[in-house]
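Sharing a structure below in structure tokens format, with a few things to ask.
In this document, chain identifiers A, B and C correspond to the written order of the chains, with residue numbering beginning at 1 in each.
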Amino acid sequence: MTHLIEMSGICKAFAGVIALQDASLHVQPGEVHAIIGQNGAGKSTLIKILTGVYRKDGGRVMIGGQQTKISTPREAQDAGIATIYQELSLVPLRSVTENVMMGYEPRTRFGMIDWSAAHLKTQEILLRFGVDIDVRAQLGTYSTAIQQLVAIARAVSMKAQLVIMDEATSSLDDQEIDILFGVVRELKKEGVAVLYISHFLDELYQICDRVTIMRDGQTVGQHVIAETTKLGLISEMLGRDPEEIEAAGMTALGGQKAQPGEVLLEAEGIATKHGLKNVSMSVRKGEIVGLGGLLGSGRTEAARVLFGLDDLTNGKISYKTGPDRLNTPAQAIEAGVGFLTEDRKREGIIPHMSVRENMTLALLPRLKKMGRVDRKRETELVERFITSLGIKTAGMEQPIRELSGGNQQKVLLARWLALDPKILILDEPTRGVDVGAKFEIQSIIRDYVEKGLGVLLISSEFEELVEGADRIVVLQDGYSVTELQNPGVTEESLIAAIAHHHEKGAS
Amino acid sequence: MSAENKPMSSTQGDGLRRLSFDWKRISKNGGALALLVILAFNILVTPNFLHPQTLFVNISQVATIAIVAVGMTLVIATGGIDLSVGAVMALAGALAPLIFTSPFAQANPELGLALAIVVPVLVALVCGVFNGFMVSYLNVQPIVATLIFFISGRGIALVLTNGNLQTFTHPGFSYLGTGKVLGFPFQGYLVVVIAIIVWWLVNHSVFGRQLLAVGGNEKAAKLSGVPVKRVKIGAYVICAGLSGIAGLIVVAINSASDAARIGNLMELDAIAAAVVGGTLLQGGKAPIFGAILGAVIIQLVKYTLLANGVADEVALIAKAGIIIMAVYVQQARKE
Amino acid sequence: MLDTTAFDLRRYLQGNTHTIGVWITLIVLILFGLMRYDNFGGAYNISSFLNYNAMFIVIAVGMCFVILTGGIDLSVGSVAAFTSVVAAYLSPYGIQVALPGAVAAGLAIGAINAFFVVAMRIPPFIATLATMLGAKGGALVISGAQTISIDWGSNFTKLGMEKAFGVLPWTIVITAIMVVGLWIVLEKTSLGRTVLAVGGGEDASTMMGLSVIKAKVFVYVLSGGCAGMAGLFLASGFGAGQPLEGVGWELSAIASVVVGGTLLTGGLGSVPATVAGALLLGLVFNILNFENGRGVISLSAYWQMVIRGAFLFVVIVFQSRVAASGKKGVV
């Protein structure tokens, strides 16, 4: 039969970095098709090529059996492809009707927008989804779930043949997800295909027909979902042997306990407005506590709240070295807590500044001497860290933006280590750095932990967690569900813990 | 959105890097080059350009632009802008004569003179606190926040003086604008002193480092514990204070204070000088001496055109061209 | 089912909370004026008030469109000064030449702004700052820095003096037509809605397949055209092209737009409320005149600048509170 969408041999590179290599995707009319893969597997890039946001370097895209050259979002829309992006691509300040009809408004005889007709039509589409809201109100006044549904309504109003949902459920609660799924089934009934991208495997079994698995920019599998197991999907996503995972899952318990130092930080039943529902954990002196879980499980959210960036709605955090309530990063730093953020570019480096200036940014209050920066101490310190962390730079005055990712990360790590912190929160410390630098960063962290630093390590790489962490707290959907003790944890047993809890959650 | 897909400079080919390096060098030294060209042109064409008098005239005229441009550079370095500089100049400039011509000051000349300098600058600082507060605590865009004083600051000055031109003879005060040290205008020295102090502040103080960090990446600065709000307020306060001083100088030069005219369009000159001097509009850079250079270029362009019989108004168009060129070069370098 | 036809005041108010303030204040000020001063509601005062403020209204409406996309146009005052000179030079050929000429000059400068902003990617603030200087210089150059008297013999004078259909001066009629026309463009056409969408989220608009570039070019050209029309009014109102006028107009226009509840970040705002904002700022001055006329107080005209600034302050603080209540999270 003809595929609705047929992408094959798709290649794409960003400034020499390969994002997609011979990736493919086949979607049939009227099916719900999932794409899964880890971060950086190339899911979003593939979608953005399909929707005309990016241009492909090579390969073929066919829609309804016809080769197409979509190069703008508008052309994709006109070809019947509607996309609901992870970061909502709607305008919250404008009304619901406008967001649904924008660019395709019904007209009166005089060529003016016929608002009554537009409101009616919008109302009608939303009612079909069981959503009865005032369509004239600003979109931003409604919940994220409604906004998602409005985005879908837009797709429907444009008579889309394919609706792409990128992480559509990541910010919805259970009831809202049910409504959304109802809508997806409704769409399917009407013969609209849905391309569904999600990190939540349980969801796939609820609504998807087939699944495409991506890894490292390639398509590594395509299955009818009823013929797969979660374990099988996860192992394919990670490129591991499912039997190993299964076997390890059976023997995951036991092992020695790490030597307990004094407790530096303890979180009990913490919850926040976004992401965290009930998380408990502690970090002790001289240990690395890993936070495991799939994307969206609340790992970064936990880090933010521990650093005083978000407010608690429930629960309690106590710090050994500071007040129990941290309201600003400055206070957290004062209390001996450091936070190496996930997004190096947006939240880490100051691109114009030199290695030296970037490294000592958090330390400035302590380098202060009569209002001026104590340059002598600064230089000594920076020199010491450049040597001890093996930072490859032309000199401490080189702008940080000219360094490689791994060396930038080392500078940022030094920014925190220079503070001599008691607790260091590391969010994906080795993402986007090459293998050599990765190993170095890991061993630096280990060295400091042996000297008494308490580390909370967030990583999407199970290997890193398993090899690095003394204990691993497993998070799922904002809850801390279990804790694994090293030694004894294997990658497979960690994956099994995450997967098994997923099974349990589904039942 | 596509930020993570931007090329890292480390992955660029050698040829590309060298090319961008050269381009950078040209645009980096563009200001100095432009200055040399203007100087050469003037020496060849403009009559009496090398006469000392020319130098003095230019120094005394460039001083106020330069002082305000230094302050503006700090504000722009945080990613902001200050439109109120001209109005703050007018306010300070209107206050000073009111104070030293008051009966109290007549009775106590020294104290009166001191107050006439200190009080206007303090008032200017208060304006800066207001601007900074609006920007950092109320999250108002800098253009709008400073628009308030742009409008009402001059209004207050006009109300205070009832719109009258205040003329005076006060040698002590006039020294600010007409005094000479070793033959050079006093305000020339003042510019140099201010520039050195602010340069030191930017390059050697904790405040300066934090200022550049805020402008370079506000999120990262905040996560590193930098007191972003206080730093921003600091920049606006310094800018307003320097504007106040510039206002006093203008009044001193003229021996008269006209609240409607002091500092008119100064915000434009100051922004232009800062941008020509290499200040990035997105923030993160504060080339203080660059701003001075920018002010000198703008002053010289104006002078060159005037001295060669080109009308004042054409100078405005030239200034517009300079601004567009400078920003375009900045943008092109970024992309 | 929704009642989609009848105008529902309550719904309107609910959806336009940001504009309520300006309307209430405007009404209160008008009532205050009517009760306190004898001639306030007189035909002469109304007519001359509107006649004088027409140019500010027109400029403010153009500015409103630019701000709705999240941009800014600082050149409007200079452009008006420039086109007032153009209009004066063209006045001997009659209004049928002077009007299109002045507007075309404004549109051309607007197109330059659009080129700087869209093609050269220069920040709107800087781009229009440059054209502000350029237009000012241009006005001084072509006029020789002199006011250029209009040709009193031509039909150009009718613009400000003759009443259309014997009721209102032509200036006011043209302004009203422009306001209503642009109101319809904003509310009832795709282009207008795109302008709003671009200000509400440029990336989202691109994703939706809207033509962001078209919207941006449109607003800058429109703003230039509005300024051109204001220049025409200026020439007719003062009987001369005024190359030195227009200083600070851009800020009054921005203030009108902001007072009218338009978000400076774009995406939310309305044409009528902008007009109300412009009227409000004008009324402050008008009432001040009346108050001085009564001789009870004598507030100089300079107070209006202070009061305008204070107004702006109050509105901005209010807006920032509203905006803050809608957002959360620090970093």
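Keep in mind that, in the parts below, a residue touches a chain if its C-beta (ideal position, glycine included) is under 8 Å from a C-beta of that chain, and two chains touch if they have at least 3 such contacts.
These figures come from a predicted structure and were not determined experimentally.
Asker: Comparing centres built from CA atoms, which chain ends up most distant from subunit B?
Answerer: In terms of C-alpha centroids, the chain at the greatest distance from subunit B is A.
Asker: Based on C-beta pairs in contact, work out which chain pair has the most and send it over.
Answerer: Chains joined by the most C-beta contact pairs: B-C.
Asker: Would you mind pulling out the distance in Å between where the CA atoms of subunit A average out and where those of subunit C do?
Answerer: Each chain's C-alpha centroid was found; their separation is 45 Å.
Asker: So what's the Cα centroid distance for subunit B and subunit C, whole Å?
Answerer: 30
Asker: Show the residues in subunit B shared as contacts by 2 or more other chains, in ascending order.
Answerer: 1, 219, 222-223
Asker: Specify, in ascending order, the residues of subunit A that touch 2 or more different other chains.
Answerer: Where subunit A meets two or more other chains at a single residue, that happens at 309, 347.
Asker: Would you please write down the residue numbers of subunit C that are in contact with two or more other chains?
Answerer: 203, 330-331, in rising order.
Asker: Which of the residues in subunit B end up touching subunit A in this complex?
Answerer: 1, 3-12, 200, 204-207, 209-210, 212-213, 216-217, 219-227, 280, 284-285
Asker: If we count contacts the way the header does, which residues on subunit C are in touch with subunit B in the complex?
Answerer: 72, 116, 120-123, 125-127, 129-134, 136-141, 145, 203, 247-248, 251-252, 254-255, 258, 264-265, 300-310, 312-313, 316-317, 320, 323-324, 330-331
Asker: Please output the residues of subunit C touching subunit A within their complex, sorted ascending.
Answerer: 1-2, 4-5, 11, 14-15, 184, 187-190, 193-194, 196-197, 199-201, 203-211, 263, 267-268, 326, 328-331
Asker: Note which residues of subunit A are touching subunit B in the complex, please.
Answerer: My answer: residues 14-17, 19, 87, 307, 309, 328-330, 332-334, 339, 341, 345-353, 357, 360-362, 364-365, 367-368, 371-373, 375, 401-405, 415.
Asker: Considering only the defined contacts, which subunit B positions touch subunit C in the complex?
Answerer: Residue positions touching the partner: 1, 81, 134, 138-141, 143-145, 147-156, 158-159, 162-163, 219, 222-223, 264, 268, 271, 275, 281, 311-321, 323-324, 327-328, 331, 335.
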